[in-house]
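Labels run A, B, C and D following the written order; every chain starts at residue 1.
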Amino acid sequence: MPALLGPFGIWIVCAIVLAVMPVIFSSPVSVTIMNQMGISIVFALSYNMMLGQGGMLSFGHAVYFGLGGFFSVHVMNYIEVDGWPIPLPFLPFIGGLFGLAFAIIIGSFSTRRAGTVFAMISLGVGELIAACSIIFVVFFGGEEGVSGDRTMGPPVFGTEFLKEIEVYYLTAVIVFVAAALMYLFSLTPAGRMANAVRDNPERAEFVGYSQRQVRFMSFCASGFFAGIAGGLFAINYEILTEENLNLTTSGWVLLMAYIGGIGFFIGPIVGAVLLTLLQTVLSNHTELWLLYVGLLFVLTVMYVPSGLTGLMMMHGPAMKAGRLGQLAKPYMIAGIPLLVALAGGVAVLEMLNHYNNAPVGDNVAHFFWMAVDTHNPANWAVALAVTAIGAYTTYRATPQVREAWAEANDFSEKGGDR
Amino acid sequence: MGIIKKVRTLTATALLAASFTGASFAADNIRIAFIDPLSGPFATTGESGYRTFEYAAQTLVNDKGGVLGGRMFEIVPMDNKISPKESLIQLKRAISEGIHYIVQGNSSGVANALTDAINKHNRRNPDQRIIFLNYSAVDPALTNEKCNFWHFRFDANADIKMDALTDVIAEDQDIKKVYIIGQDYSFGKAVAAAAVKFIGAKRPDIEIVGNELHPIGKVKDFTPYATKIKSSGADAVITGNWGADMVGLGKAIVEAGVDAPIFTYYGAHDGITATFADKGVDVIRVVHEGTFNPPSAEFKAFNEGFKKVNPDKDLNQPRIIGTIQMLAKAMEAAGTDDPVAVATALEGMDFTNIYGRKVHMRASDHQIIQDVNITVHTDKNIEVDADNSGYGLLTEKTVKEAGKDLPTSCEMKRPS
Amino acid sequence: MELVVFSLLNGLVTGLLLFMLSSGLTLIFSMMGVLNFAHASFYMLGAYFAYTISGYMGFWVGLIFAPILVGVVGALIQRYGLRYVHRWGHVAELVFTFGLAFLIEEVVQFFWGKATKDYHEPELLDFPLFTLFGQSFPAYKAFMIFISIGIFIALLMMLTRTRVGLIIQAAITHPNTVANLGHNVPLVFMGVFGVGSALAGLAGVIAGPALGTFPGMAFVLGSIVFVVIVVGGLGSLAGAFVASLLIGWLQTFAIALDYSMTDLLDLLGVSFSDDHVLRDLWSLSLPQVAPILPYLLLILILIFRPTGLMGKRET
Amino acid sequence: MSASALSLQGIRKDFGETQIIRGVDLEIPAGERHAIIGPNGAGKSTLFHLISGKYSKTGGRIGLNGEDVTTLEPYAIARKGLSRSFQITNIFPRMTVFENVRCGLLWSMGLKYAFWKLVGRQKDLNERTSEILEMIGLTDRQAIPAGVLTYAEQRTLEIGITIAGGANVIMLDEPTAGMSASETDQTVELIRRVTEGKTLVMVEHDMGVVFDLADRISVLVYGEIIATGKPEEIRNNKAVQEAYLGEAPEEETETVGGAH
């Protein structure tokens, strides 16, 4: 893809997109959501440096995110109270350094092994730090956390970051730089060997690399960028709490990376954007959103292990061959009923939930910009029928899709030109 | 095809519904953002709070013609998943939707984050100010060192409740040994500190045989704690526990054969009463502002109406009623919905609540001063029960204007 | 003295309960190499199924049918979920079970709501069994001990005395060889997963009334079970047994013994003022840190003895 | 010091009670092509693992270019100039062919764990990688993931990775196993070409390959070397014939493994 616009083309496009986003989505709430996305993007990318690039499955990545954030917020308070002359844009970097410091300490023993042992250690460390965060109130502020005020530092280019939009541009710049650095890291010897160790640790040893050392370096880099994300969080929310470093946050970042696709650099970005939207927008529309996220996640792990990005990238060869058009029709034939089935399924779930939980007399559930009487059997019949018909039609259409797919990706007559 | 049919049916119902609820979508509604957990482990409490607000706003304000000449209250539910971060996102959402009134109650951590963020916001955006009506977060700091002009608390804070509770303990000469146990976080610690302070002042002869904090939400089995309590020989137990930690602790204590009253802040409703059932009778005591049994006629009627709509829910945070009534009254008094004017009207307001008792919003710290009851878990003389279990809270003792004399460290800064 | 006796008993109850969970998990792990994150979710399902069944037919029917139901659910998940995901490798399997744990919690909330369910012990067992030093020991706790030990013995008998047990033992160490001998290994896997889940379900059925039946009950117990099987040694039933009791007692005694850092420092003649920056550290007490002790143990074991107390293999 | 590139003194390895390698002494001078043969289960691969550091030794000493490497980790041994391949294909399946070879080069080109240099900007590195790809004949396959190569290509790539780092001692574990006759011939040619001027140690079952390539041969039986010598000497060695080749004549070109 970068080839279309030269080596830096894709980055230039990204920078422009970042710059114009708040012009298109200018409401305060969308700026807030975009800030949240930026934080998630850096966090998820840093996570994928371990999972996708280095083959290390961690259940405790929030530790570095949270600690980076807590230190940032404390520094913020020092800026306010003791007048430390640190401009705000440097704060995430400070968070990163603390993330790095803790990654060095914890990585020194946890990266000895990969696989299940690593996962278990990360879980143990995560639980430990999360528990400590409630015990050590002076540093972590107990369950109410530690707050700060970002506007107390020396002004940068005349801005004091009073407005959300100023924070957006600060976040955008840092997200851009951090993403670029993480991408570049993957192209360094240390980054390439992280891939090698992921694929085959033994072989890596026999070309002169200590697998432990390679993992340790990815781990530290990952901790550094997680700390940066934590620092961004501190700037955006001006508060850090226990939940920023507990298992739930660690689980979320795994979800983001995995649903987005851990095999691709942009995978976690896709995942971060999508899950932030689900978390902020979908959750305002349905209380079942966590159920949907859970379903999405389990289905992704089962059927699309390469994630949503993988799903898109699968079409690369066909697109290059100009055969994407062949797929359009079968996709429509299977896709529309699939959407109908999904809509029907969601309707059933929402109606069921409403039926079970709504106040008496409130018979009308609201979803899909509709109002549905859940005490009317006819509506139930319709919803179930739509689901069933949609599912059946999809099922009938799948062979067609499979066939078209095989045809579009059949390069056999072109010989060795792969 | 099925789709078309469905669309038709749904459109029909949609039209029907729109005509039904159309009134509440009017443009000049006074919108109140309800920021509390509506998903996740604490959703039960959040949900019943939301239902109470809805019902109170509907029956006490809207059905009576609204405020300011016909403007309706509209409660906008916003799920914060009990997370401070999510709360701030929802706060920003509320701001961008032009909402000026925020209500919240579950978790002092969230309340601290919100009051801090609202204070900052109001300072940074003087043309778009927000008022924070706190109906349940009881961390004393909110009306002391962390107080600000925009925050009003409609519940008795942890210190006030403890003051009332220790009054009762002090009168009971049979109590010689007290065991304090709570969750290991700011609220639990505040409860413990208050208990030590007040008991020490009122009954120095009482021995505090245990003062223990356990990790919040992480204890699977409270039996070891119960064993300790039993072997300490305590005559009374004080705890600020809530949720699953309350159920677990209470059950374990009762099962270990501890025959002592358990004084709690939140030992009822949300499945807790039903779980204790017979075992909790005359053991569990709850200190709160609610006066369930015997109820005032007005409250009983209100509760019956509420239960008709929400048979599975309880009116477990009755202070919400007062919150809505006082907000409406303040708006009428101010003659506008401008936040500064309304806040000024709320300050120092006197009001008679649904139980027919006087309450007062103290101007110096925006802490409500009201009667606080010590109630006991029982199935005798219960008119308003909890969890539909037949068990409920019977008022044993009432402390009038609890906390009126408690000092505050608040230095209120009013907008000039 | 009474504190010691009751702490021993309480630790035994907790430990045996942990064992019911960890025995299934460790069997599943040693056969399939999958650390099942959702194992504690089956425990939760057990409690909820039993709650619903007992509402119609009483506790005892629930005690029998809920675990069976959970076992069937487990077997189906293995057959149609895990076996399918297996093709994407171990990391995907681990992530799958993680997602499953997440999903099951949501599903439970969807059907049963978010509030604590009043799932009670049966009337028959609702009395204090004995009273020692004025403290009573509920009959239900004794029942829990009885059931757990019964399960342990039954499991041991099945593994050592029956043909299926021998195949399972062989499959643990040499999965391919057993397949070559003509045994249907996938079926054995499914069976073991089902039985393991059923054991977890049974633990939920009997723990639900004692520890509360609520949507967070799996989360509270989930990672502790991992600690048990890692500390005990992956794949070792005996290790899981020892580690379960160890952690059960570790937690109860840590709560029972009221020592704090300050006591230790007083002993050494050192004291710190109350407003020191590190005051939280000095004032730490054993009951306060009780819940983190298992994780500390986990990390130490993984660093210094990765095979666990009685295990033979790493990872 | 001696001219020995590789020097084994009394190497022993026990797995529990079982003695797998029972005291192996072997001196391989620099520049020699040395083959180790022996029946299945004789411990050839184990010996490789011991030399390359994959297994720890129960006893004995290993010298590489005059340095003691007995207790070093595999990567440390690799850095000292010993590189090896594996009996079962052991590549980086999800990386491209080009990157596979480049991984073999990184350390020796002095890039180590650098995270401030981009591999794409290292001109020498990429040129050298291309040269090696040219040498092993995989240039036109360089952009595809190694995992989708054919078996023979993967084996070739394995050799490419092994020699890429410029190690002066190359150890190949059954480089032609599972190949057809023509593929075997090509591989033998490749090995001959890429190990020019280097020390080669290989385990091989294909006697044709062994006698074709090796300067000297050692015969390993039950964890002991029963003979070392030039191909002619081994061919005529009575002990070898009895213990290993049985009564089979020397012309056997097929795998001998099954004949024990």
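Heads up, the rule we're going with is that a residue touches a chain if its C-beta (ideal position, glycine included) is under 8 Å from a C-beta of that chain, and two chains touch if they have at least 3 such contacts.
Here the structure is a predicted model, which means the values were calculated and not measured.
Among the remaining chains, those touching chain C and also chain D are A. Most remote chain with respect to chain D, judged by CA-atom centres, is B. Separation between the centroids of chain A and chain C, computed from CA atoms only, is 31 Å. Work out the mean CA point of chain A and of chain D, and you get 44 Å between them.
Look at where the CA atoms of chain B average out and do the same for chain C: the two points lie 36 Å apart.
Separation between the centroids of chain B and chain D, computed from CA atoms only, is 75 Å.
Contact with two or more other chains is made by residues 113, 288, 291 of chain C.
Contact of a single residue of chain B with at least two other chains is seen at positions 40, 43, 47, 184, 215, 218. Residue positions 131, 135, 137, 290, 357 of chain A each touch two or more of the other chains.
Here, these are the chain pairs in contact: A-B, A-C, A-D, B-C. Put simply, chain A touches chain D in their complex at residues 184-185, 187-193, 195-196, 198-200, 202-211, 213-214, 217, 221, 263, 416, 418.
If you check the complex, the residues on chain B that touch chain C are 40-44, 47, 184, 212-215, 217-221, 223-225, 227-228, 230-231, 244, 247-248, 251, 255-257, 270-272, 274-275, 277, 387, 389. Contacts from chain A toward chain B in the complex involve residues 27-29, 32-33, 36, 131, 134-135, 137, 142-145, 147, 149, 151, 162-164, 233, 237-239, 241, 243-244, 280, 283-284, 287, 289-290, 340, 357, 359-362, 364, 366, 370-373, 376, 378-379, 382-383, 385-386, 389. The touching residues of chain C, counted against chain B in their complex, run 2-3, 6-7, 10-11, 13-14, 113-118, 120, 128, 131, 133-136, 138, 141, 210-212, 214-216, 220-221, 224, 251-252, 255-256, 258, 287-288, 290-291. Residues 1-3, 5-6, 9-11, 13-14, 16-18, 20, 38-40, 43, 47, 51, 78-79, 81, 83-85, 88-89, 92-93, 95-97, 107-109, 112-113, 116-117, 120, 124, 139, 184-187, 189, 215-216, 218, 308-313 of chain B are the ones that touch chain A when the two sit in their complex.
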